[in-house]
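For reference, the structure is listed below as structure tokens.
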Amino acid sequence: MPISLDSRIPDGDLADKWSNQQANFKLVSPNNKTKYKVIVIGSGLAGASAAATLAEQGYQVDCFSFNDSPRRAHSVAAQGGINAAKNYRNDGDSTYRLFYDTIKGGDFRSREANVYRLAEVSGQIIDHCVAQGIPFARDYAGYLDSRSFGGVQVSRTFYAKGQTGQQLLLGAYGALNRQIHLGKVRMFVRSEMLDVVVDKGVAQGIIVRNLVSGEVSRFNAHAVIIASGGYSNMFYLSTNALSSNVTATYRAYKQGALFANPAFTQIHPTCIPASGEHQSKLTLMSESLRNDGRIWVPAKQGDHRLPADIPHNERDYFLERRYPAFGNLVPRDIASRAVKQVCDKGLGVGPTGHGVYLDLADAIDSSGRDIIEERYGNLFEMYQRITSENPEKTPMRIYPAAHYTMGGLWVDYHLMSNIKGLFVIGEANFSDHGANRLGASALMQGLADGYFIVPSCVSHYLTEQKPQLVDTTSDSFNEIDQSVENRVADLLSIKGQHSADYFHRKLGQLMWDNCGMARSEKGLRKALDEIPKLSEQFWQQLKITGCGKELNFQLEKAGRVADFLEFSQLVCQDALHRSESCGGHFRQESQNAEGEALRNDDDFSYVAAWQFKSGKSNHQPEPATLHKEPLRHEAVAPDQRSYK
Amino acid sequence: MANYRVNIWRQDQTEKQGRFEQYRVEDISEDMSFLEMLDVLNEKLISDDLVPVAFDHDCREGICGACGLVINGIPHGKECGTTTCQLYMRHFTADTEITIEPFRAQAFPLIKDLMVDRSSLDRVLQSGGYVSVHTGAAADANNVLIAKHKADDAFTAATCIGCGACVAVCRNASGMLFVAAKTSQLALLPQGQPERLERSLSMVKQMQDEGFGNCSNHYECEAACPKNIPASYIAQLNRDFLNASMTSKEYESQTHCKSLEE
Amino acid sequence: MQKLKDFIVSPIGSKVIMALSGAMILLFLVGHALGNLLIFRGQESLNSYAYWLQNSPLLWGFRATMLLLLMLHVMLAVRLYLQNKKARPVAYAVNKDMQLTFSAKTMIFSGAIIFAFIIFHIAHLTLGWISTTSLEVEAGQQMIDVYSNVVAGFKLPEIALFYVISLLVIGLHLHHSIKSLFQTLGFHHENFHQMIDYLAPAVIVILTLVFISIPLAVLFGYLPLVVQP
């Protein structure tokens, strides 16, 4: 298959592109819609909203989740809020400003047309969510309240205390429930997609394992939508849920879909530091805390006094010092890096030295305890539960942790990958956040894709498809089903001595050390050298007890770790090739005298879309082939991103 | 570092007989979460060629609602307002015995070990736990104003994570707090009004059909709820249900049509 | 009709009927207790009150209503109890209560004791199966001497004790009932539920004391058995 990287961006001015596109979309007539079937993988914000909206329009939808209920999807954990260019505050916000902030926040590595469209539909999302009965925060007059987030100087983030993701997900889950009740959506829970069936460059269906019975079955459809989220769990410790994984997108990649910018991963600055070896995940403290919290470390190394005993003039408020214009509200990548730098200098606090203070004492003094509790009460409780320290008495300790992945499957303006009929939405695609995502934009993107963008794109695609489905007993299904069954059998037959978790931890450490917040050619080459060895060990020493025809979470985990082992090499390859620093991707070789990231627009202003190349062994691919989609900056000229 | 003896319910499949088994876990740090303690146990079981203990869990930050174990007789353990994944070992005295059981209810069939099937809760919500708004139909978000205290009250109800602890703790395995949290959230907001009464009828009916028990106003549910959702929402549901039963027109209109046909 | 049936068998409908029937029985109890107090004014007062009641044209209507309410209350209670048992087929090995009260936990048992007590009580004092003294009211018309019956009965310590215990069980049953009543009927608001929390126990204590005072008074000789001249 020749690779075409046609991004199908419509003509016209930036502001008209989406309306032009909508005017040109072809439509399926209402009574023909029932003849088309769409598969949605994932039931988070993007997946649930897409499944519900497509079903509302009349299509038959099959939706899959590996959890026991759609409501468990990890979108539920998003805390801070959702952006929308409503300008309810009259503080100078507009569609263009949201677009501009997102492009700049993404360090000029995203597609302008996609980002503008995102900003355009952002307001509609809030309208729809309010209509669904989502209890957003209100002011005393009954109007919607909003707050500020990192990298932004207007107040455009709508929120429901620190549980915005949960509320939005429950809204989408409600919409999905309604369609399940009406019989328009068939929901398959505890079902994991293990491969996508592609024949002659067209997606025809998927192969799914029922996690309770262990049964592997085939599903066909006219279009497949992947909404399986991100891959931060390749670092082992991340803010993601424990079962979040790369399998769905990686399998699609192995079937020919291009993977774009895999090295663009986001490290979130404000997480609770790890307390020991046993740690299974890291917990995020919402970025909204930086609205009122001040980040500092002791100015002198080895200052072991209690934080309250250190006078103001002996503290280093390093974000405020280095970035006076944005202060504690600099974007996530910049804040994370600054935290890492002070800790590397030995100024870090806490038992491990991997931590800085996030202090709300000044805010409590100026705004009052009640106001601060009202804003962050549930976060304080959460922090206290985990650390047994009260953040109203002693400052919180925070440290960066892997959080979000901007990279994902390559999609065009229609959110379709280079495989026809394979759409990718939400965190699983690469499209809108460039090299760094701004806070409260993930919820916006997931819902924009699911409610408003992908349904019309899928409809348009279906107008060109015949209603006949490819039979699930066809050669293409047989072949891929067989390979899935073989792989399960292979994993079970190793009978070595280490659990899947053992390998996952090792991989995570390798990736965090060499491909985490700061990357160097030397480190990346080391990782690219070590990971294949680890992978080889995995396929010789993995141990799974129990069998495959029953509920076996070790087997699920092993399959996911196996994919992470291959995929992380692609991440390192991408990180190595991109020898500039941009957004979350910081190459030590590319920084200025002050230690700020140095972008190289002349050589790297493109989307790196990688094509799978199989190797001699099933488990060890050859280095991937690079395809470049040049980025054209017509509306915003890239400049050095400055928050000083 | 502490050691514990844990009694865990082991059961291979729904149909098979289950039993308690006792294991020893060693070198548990007080900063470990309860589930991390189980991870340590599972790693040990795997290295001994045994099948590890199956339990549901996912986000491990207390919001997804997947985890839920009955720990020493209380769902999610005795710490107030805490999910199992956010329960820390510092709350357990060293060298004691910890008994871990699955959620027990007719409406939650056991799948394996400590894992139960809570899809009955999903079906209750499918029967009406939403506002039937079509994507794209909404007017501007600020068109309808909502008093702050109402929005806050609705939010408190909406924080339900669907873990099922209210059912697990209830002597009657009743799902009333779960149902009431959803009906109250929507009953408190203007958007939920048009379907308010029918919603309470259909959701209560579905709850009944799923085999949940009835509410005896014991209020153990609010004590066990990891999100501290108060039982006063159940009164709200009772009120709506009573109102709906007295005023809803559904049956009358059907019989009316029939009589016309005749 | 279908709708009414659906309502009665629904989880909330059953409870509402339980609550309403219970509430009416409670109102009856209040009246009953006030009437009982007449015993302290002497034989004459109580007996003439009893005579008035027994000759009331509403007597049988009232009795039938109370019986119906009681049967409804008991039948629904048994039905709910069996449903609730079925909803938890496998019991926990370790049980721990958090805010569950003893009264709430034992409703079905206190209810069963009360039911047995009511049968005994009707047989004893309404039907007079156990000991009967009758007196002539007017020429040729006899009526049970309620006062003497009560006093004669409670002179026996085992009967007095049985009454005292049963009446305490009624108090226990009411402890959960009164608070539960408001919740089931949908009244649970921070503005007044604290008031109910204080008022309910007060009502129960007064009611129980009033009832218990009679067997105790007889037993300790405050109410003498007077032979009718």
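We call the chains A, B and C, going by the order they appear; numbering starts again at 1 in every chain.
In this section, contacts are C-beta pairs under 8 Å (C-beta built on N, C-alpha and C of every residue); 3 or more make two chains touch, one makes a residue touch a chain.
As the structure is a computational prediction, the values presented were derived from the model and not from experiment.
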Innermost chain by mean C-alpha position: B
Distance-maximising chain from subunit C - centres being C-alpha averages: A
Averaged-CA centre spacing for the pair subunit C and subunit B, given as whole angstrom: 37
Distance between the centres, which are taken as Cα means, of subunit B and subunit A, whole angstrom: 27
Intercentroid distance (Cα basis), subunit C paired with subunit A, Å: 64
In the complex with subunit B, residue positions of subunit C that touch it: 2-3, 7, 10-16, 80, 83-84, 86-101, 104-105, 107, 176, 179-180, 182-190, 193
Subunit B - residues contacting subunit C, complex: 7, 9, 20, 70, 72-74, 78, 99, 101, 104-107, 169, 171-174, 176, 204-205, 207-208, 211-220, 222-224, 231-232, 234-242, 245, 251
Of subunit B, residues touching subunit A in the complex: 12-13, 29, 31-33, 35-36, 39-40, 43, 45-47, 49-52, 54, 56-66, 79, 81-82, 86, 88, 90, 111-112, 115, 117-119, 121-122, 125-142, 144-148, 151-152, 154-155, 158-159, 161-162, 185-186, 189, 191-192
Residues on subunit A engaged by subunit B in the complex (per definition of touch): 49, 52-53, 56, 67-74, 76-77, 86, 88, 123-124, 126-144, 160-161, 163, 165-167, 170, 173-175, 177-178, 180-181, 187, 189, 212, 239, 241-243, 275-276, 278-281, 283-284, 381-382, 385-386, 388, 451-452, 455, 497, 499, 501, 543, 545-546, 550-551, 553-554
